[in-house]
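In the two assemblies presented below, subunit A is common to both, partnered first by subunit B and then by subunit C.
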Partner chain A sequence: MDLTPFLTQIFIGLYKGSLYWILALGLVLIFGVVRVINFAHATFYVTGSYMMYTFYMYTGNFILSLTMATLIAGALGVAFEVAVIRRVYKLETIYQLLATFAIALIFNEAQKLVWGKGVVYIPIPEALREGVSIGGVTLNYYMILIMVIGLLLFIIVILFMNNTIMGLRIRAVWRDPVMSEALGVSTRLIYTLVFFVGAALAGLGGALTVPLISVGPGLADYLIVTAFIVVVIAGLGSITGAYIISVLVGVLSSILVLITPELDIVILYMIAAFILLLRPQGLFGER
Partner chain B sequence: MSVDRRGFIKTLGAGVVGLAVGAVLGWAAKPLEVREVTKTETVTVPGVVERKLPKATVKIGVLGIRSGLWSTYGEFIEQGARLAAEEINAKGGILGSRVELVFRDELADVVKQAKELVDVEGADFIIGIDSSGNAMKVGGIVSELGKILVVTHAATHRLTEELVYKEGKKLIFRSSVPVYQDGTLAAYIAKDLPVRKWAGINGDYEFGRVSWELFTKTLKALRPDVEFVVDQWPKFGTEDFTPFISALLASDAEALFTSIWAIELVTLQRQLTIMGGYKKFRAVISTLGYSMDVAYSLGTDYPTAELGTWVSARYMWPYPPTKANKDFVDRFKARWGRLPAYSAETTYSAIYMLKAALENAATLDPDILIKTLEGLVIMTPAGVRWIRPEDHQAIYEVPYGRIVHKGAEVPLLEDLKAVPAMLYYRHPPFT
Partner chain C sequence: MSLSSRLKGLVNGNTVALLLLIAFLAIIPLTGHRFYMYIATLIMIMGMFAMGYNVLFGYVGLLSFGHGLFFGAGAYSTALFTLKVYSDPLVGVLITVPVALLTSIIVGVLTLKHGKVYFAILTLALSMIFWSALVKLRWLTGGTDGLVGIPKRGVFVDVSGPIVTYYFILAFFAVIMLGLYILNKSRYGLLLRALGANEDRLPFLGYSTFTLRMVALTISGTASALAGSLYAVFYSVVTPDVAYWTFGAEPLIMTLIGGPSYFLGPLIGALIFVPLTTVVARFAEYWMLLLGIALLAVILFFRGGLLGFLESLSRELKLGVYRRWRF
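This part shows the complex of A and B:
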């Protein structure tokens, strides 16, 4: 039996999993620390995409555009936290959901006014246009770059959380915001910081995909569903869990496309439902 | 001879009766055609009988996707509808009545929107609808609405074959070519290509399924030596096709068929190029590949396969090469700044179909208008449309063409291949 098709599916799955991870990481951070289920997360993603497109159109510089897109998405996250989220922390979850959902809708429509209803994209950087060809499938260098960035992000976040004072403070707020506040940690500052990082990560994910996935208004509405599945399976609040599950979901869904093209998504949802039944807190969740 | 008063009246009475009888007999004895000529003359004398509609405004409710990722398509419908209405109103309306348009988003519960268009807005007609599922939903309640519905985009053959032909829902019409274009005609293109092994990637919903089924059935009948070696079914809203593409590329297929459309098609074509699909597939058939959103988005990046990237749509602006079409394209471009998308033309023509029916019948009575529309032959930008009386489907032809780059604002088409519509459309009794 020729295993090449499986190898290429696994490779594609690792790339897709890395994308899910970048989105899921922001979701997990924001939920873990701020305890808000952020429906507007896809909005930051698409903002990153459009910013990447716009800066690239004007400058033609990939690295600069990527940086600007990430920072602007992060800044938008801060504005969002200060203007909206801060007012609904203490309210019931349903109000948080409504507020974040409303923001998502407003941004979707606003983006249409600015960038039009059609789709836009930018070319893959010259140096990464080629790839390795295995069994007729070209595994593009750009996809490899996304995998590497995903892995680097994982290492950086884990090191930051475990080895810095700020990481310690974030973990403290994550565990017990009231006690942290009593001990002099500014939860307000931590919340804003986490929103910046979460939104910037979503923006980075969005910016990285413009050369591979064309962006249009509301594009990430579908992508975000998978990111939510990842977070639910992993357990809301587990960073390592989110990385492992992102990669597994990417690889599994990719292999399922090859072996059961009729049922690929169904099986994924069934696994999620099954895990929720057995472990409602998720595979890596504590609560 | 003296005549007394009584005698005079008698004679006069007899004379009057005689004249009357004579007149009646004479009128009755007149040859038939003479009578008809008299009747026609009375009607056509200007100012004698004024033909007008019972309302000063004809209201047309327009449904389309106006939010989310597919909202470009609602915009195309709107552009076609507005251009038609503006032209008609500038020339005095329909029998003196102005055309007014009301737009609603079909993604916000299409049944509710359709009912509100009729009950709240007072629409006399409903046109548009992008999604096949939505067309079937509105088609299902059309008798309740009591207004004529002209579908201008949704492509499921079930709308006209089942709802109109089999269930007798005569209020439904369609101005755009259905899935016969995507499934059947594509097979006529594929049969002439020197490839044997086909792959398919189609949406995992009604339209995608039917397109692939019609394509494989028709091609197998035309070319028994072909094989269909792999088929993939991404869901509606797939943002990334890479796992599907690598699964397609793992097969030994030589050519690819796809009915994926809109934003998804842009991504699919780009990722096919990036992943080496255009090195492997010698020919690609993309049934909605010449939708203008796709042509504008891909531009010079539109990939061309060795034996051609064959594309079509439900109308393509370069075809037919008539003056009527060229003038339409020019007017459209002057109004909206872009070349007309297919659903803009099909909606534009739907309004002109209604105009023709209203001018013939001079009434808003749906039953009379149905009879007027059935069998209607009308010149439109896409060519002559004939409304087939049995299933209320507009019959006209749209070709396939090969993508070429000539430095124009969009990729152009070469080797346009048209097959007479009557050959590739399905026919009653649709077995």
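This part shows the complex of A and C:
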């Protein structure tokens, strides 16, 4: 039996999983610290993609466009937190969900208005088009770069959370916002910071996507559902869990495309539903 | 309680408004104006959808982003049944009831044990699974083209004329509204609203929150599925769009516009939403953008919806009628 197609799908799954992880990380951080489920998270991601496209079209500089896309998505996250989310912290959870949902609706439509209903994409940078051959399958450097960025982000976030004062403060707010506030931690500042980091990460992920996958309307809907599935299976609030499950979901969904092209997503979701029935708190959740 | 006081209890803002609305809907075909009939039919269908949705949202306080699943399940089960098994619209609509019960129970088992936040996420995920299944199972559902030619002429009923279709839908509309009204007035409805008001206290009184939520989900899902089924009969076509999450969010938007803590809130929302979107969508391609902005404004500033606004206004003016619209 020829295993090459499987190997190809595994590689595709690995880089897709890394992209899911970059999206899920922000979602987990925002949920953990701010306790808001951010329906608009994938729209930050897609904003990153569109910004990347626009800047690349004007400047042709990959690194510059990537930086700008990340920062703009982050700034958007801050604006969103200050203008909308701050008003709904004290309300019921339902209204927080609704506010992020309304934002997602607005952004999706606004993006259609600005960038049209078609798809956008940019070429992979010249230097990264070459690749290495593993088991007869060529894996280009760009895909490797994405996997490395994913892994690096994981290491950096874990180190940051466990070994810095800021990380300690964030963990304190994560555990008990009222007590942290009493001990002089500015929760408001940390909320805004976490929104900036979460949205910027999403923007980075989105920007990295454009050279590989065409970006267009509907992508955000698909991504937010996938990210939710990842986060729910992992257990809301588990960073390590989110990384492992993202990569697993990426690989599994790519392999399923090969086995049952008709029902790849459906089967994946069914596995997810089954896991939830057995372990409601998710595989890595505490509760 | 004597009969006269019972009757008096029935005459309130809600019953009068509901009866007036049904009477009004019943005379619309007499105008012979096709466009008014079209709008009125959509109001009935979407009103049913939203009123059903609110059993979950307004009564029990659960936010579902996946009601497109129930609507779609209703629409597709009617379409498949009438096209492939037995060609009759009435049986086709009624068949959705068992389908909806089964769907609600499956969805409930998967989503209700994890708290409100998980419920919102999981209903969204489930509806997206359903949607992708509808798109991918081409041999059964016709993929993105959907199913066409759902028959209006059957063995038991023939609703091929526009006026007959209209009254066919109106009959279902009236029955469902009556059913929901009875639920609302019954002790069980009170129990469901008590669950929405304080979910921690009900278990102390010996009630299972899971069972109550399951009942609310089943009622809500069945009403939504019936709305979907009538939608399929009305258009004779179903496409996967009806199961997509943006469509599933429409009853939520209507409920928020009208006012979730009022019995007739969702229906009032539909009365505003349907004509507005039908007319606006004709000349503004990106009306969803306006909708999102309006939704955000409602969430941030008018959480009581239109009826909530009217209530605070009448309280301000000391009109004293405001209590009558509440549940």
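The criterion applied here is as follows: the second predicted complex is superposed on the first by the 274 of 287 C-alpha atoms of A that agree within 3 Å, B and C clash if a C-alpha of one lies under 4 Å from a C-alpha of the other, contacts with A are read in each partner's own complex, and residues count from 1 in each chain.
One rule holds in what follows: a contact is a pair of C-beta atoms (placed from the backbone, for glycine too) under 8 Å apart; a residue touches a chain by one contact, two chains touch by 3 or more.
Remember, predicted model here, so these are calculated numbers, not experimental data.
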Clash or fit (per the criteria above) of subunit B with subunit C on subunit A: clash
Partner chain in contact with A:G167 - subunit B first, subunit C second, else both or neither: neither
Subunit B versus subunit C as contact partner of A:G285, first or second or both or neither: neither
Subunit B versus subunit C as contact partner of A:V120, first or second or both or neither: first
First, second, both or neither for A:I229, with subunit B first and subunit C second: second
Touching partner for A:V88 - first (subunit B), second (subunit C), both, neither: second
Subunit B versus subunit C as contact partner of A:T4, first or second or both or neither: first
Subunit B versus subunit C as contact partner of A:F101, first or second or both or neither: second
Segment of subunit C that clashes with subunit B, given the candidates 92-100, 110-118 or 236-244: 236-244
Footprint overlap on subunit A, comparing subunit B with subunit C: 108-109, 112, 221-222, 262, 265
Complex interface listing, subunit C residues touching subunit A: 61, 63, 65, 109-110, 113-114, 116-118, 120-122, 124-126, 128-129, 132-133, 136-137, 245-246, 249, 252, 256, 286, 288-289, 291-293, 295-296, 299-300, 303
Residues of subunit A defined as touching subunit C within the complex: 37, 84, 87-88, 91-95, 97-99, 101-103, 105-106, 108-110, 112-113, 221-222, 225, 228-229, 232, 236, 262-263, 265-266, 269-270, 272-273, 276-277, 280
Residue ranges of subunit B in contact with subunit A within the complex: 67-69, 71-72, 75, 231-233, 235, 237-240, 242-247, 249-250, 263, 266-267, 270-271, 274-276, 279-280, 293, 296-297
For the subunit A and subunit B complex, residues of the former touching the latter: 4-5, 8-9, 11-13, 15-16, 19, 108-109, 112, 117-121, 124, 131, 133, 135-140, 142-143, 209, 212-214, 216-223, 253-254, 257-258, 261-262, 265
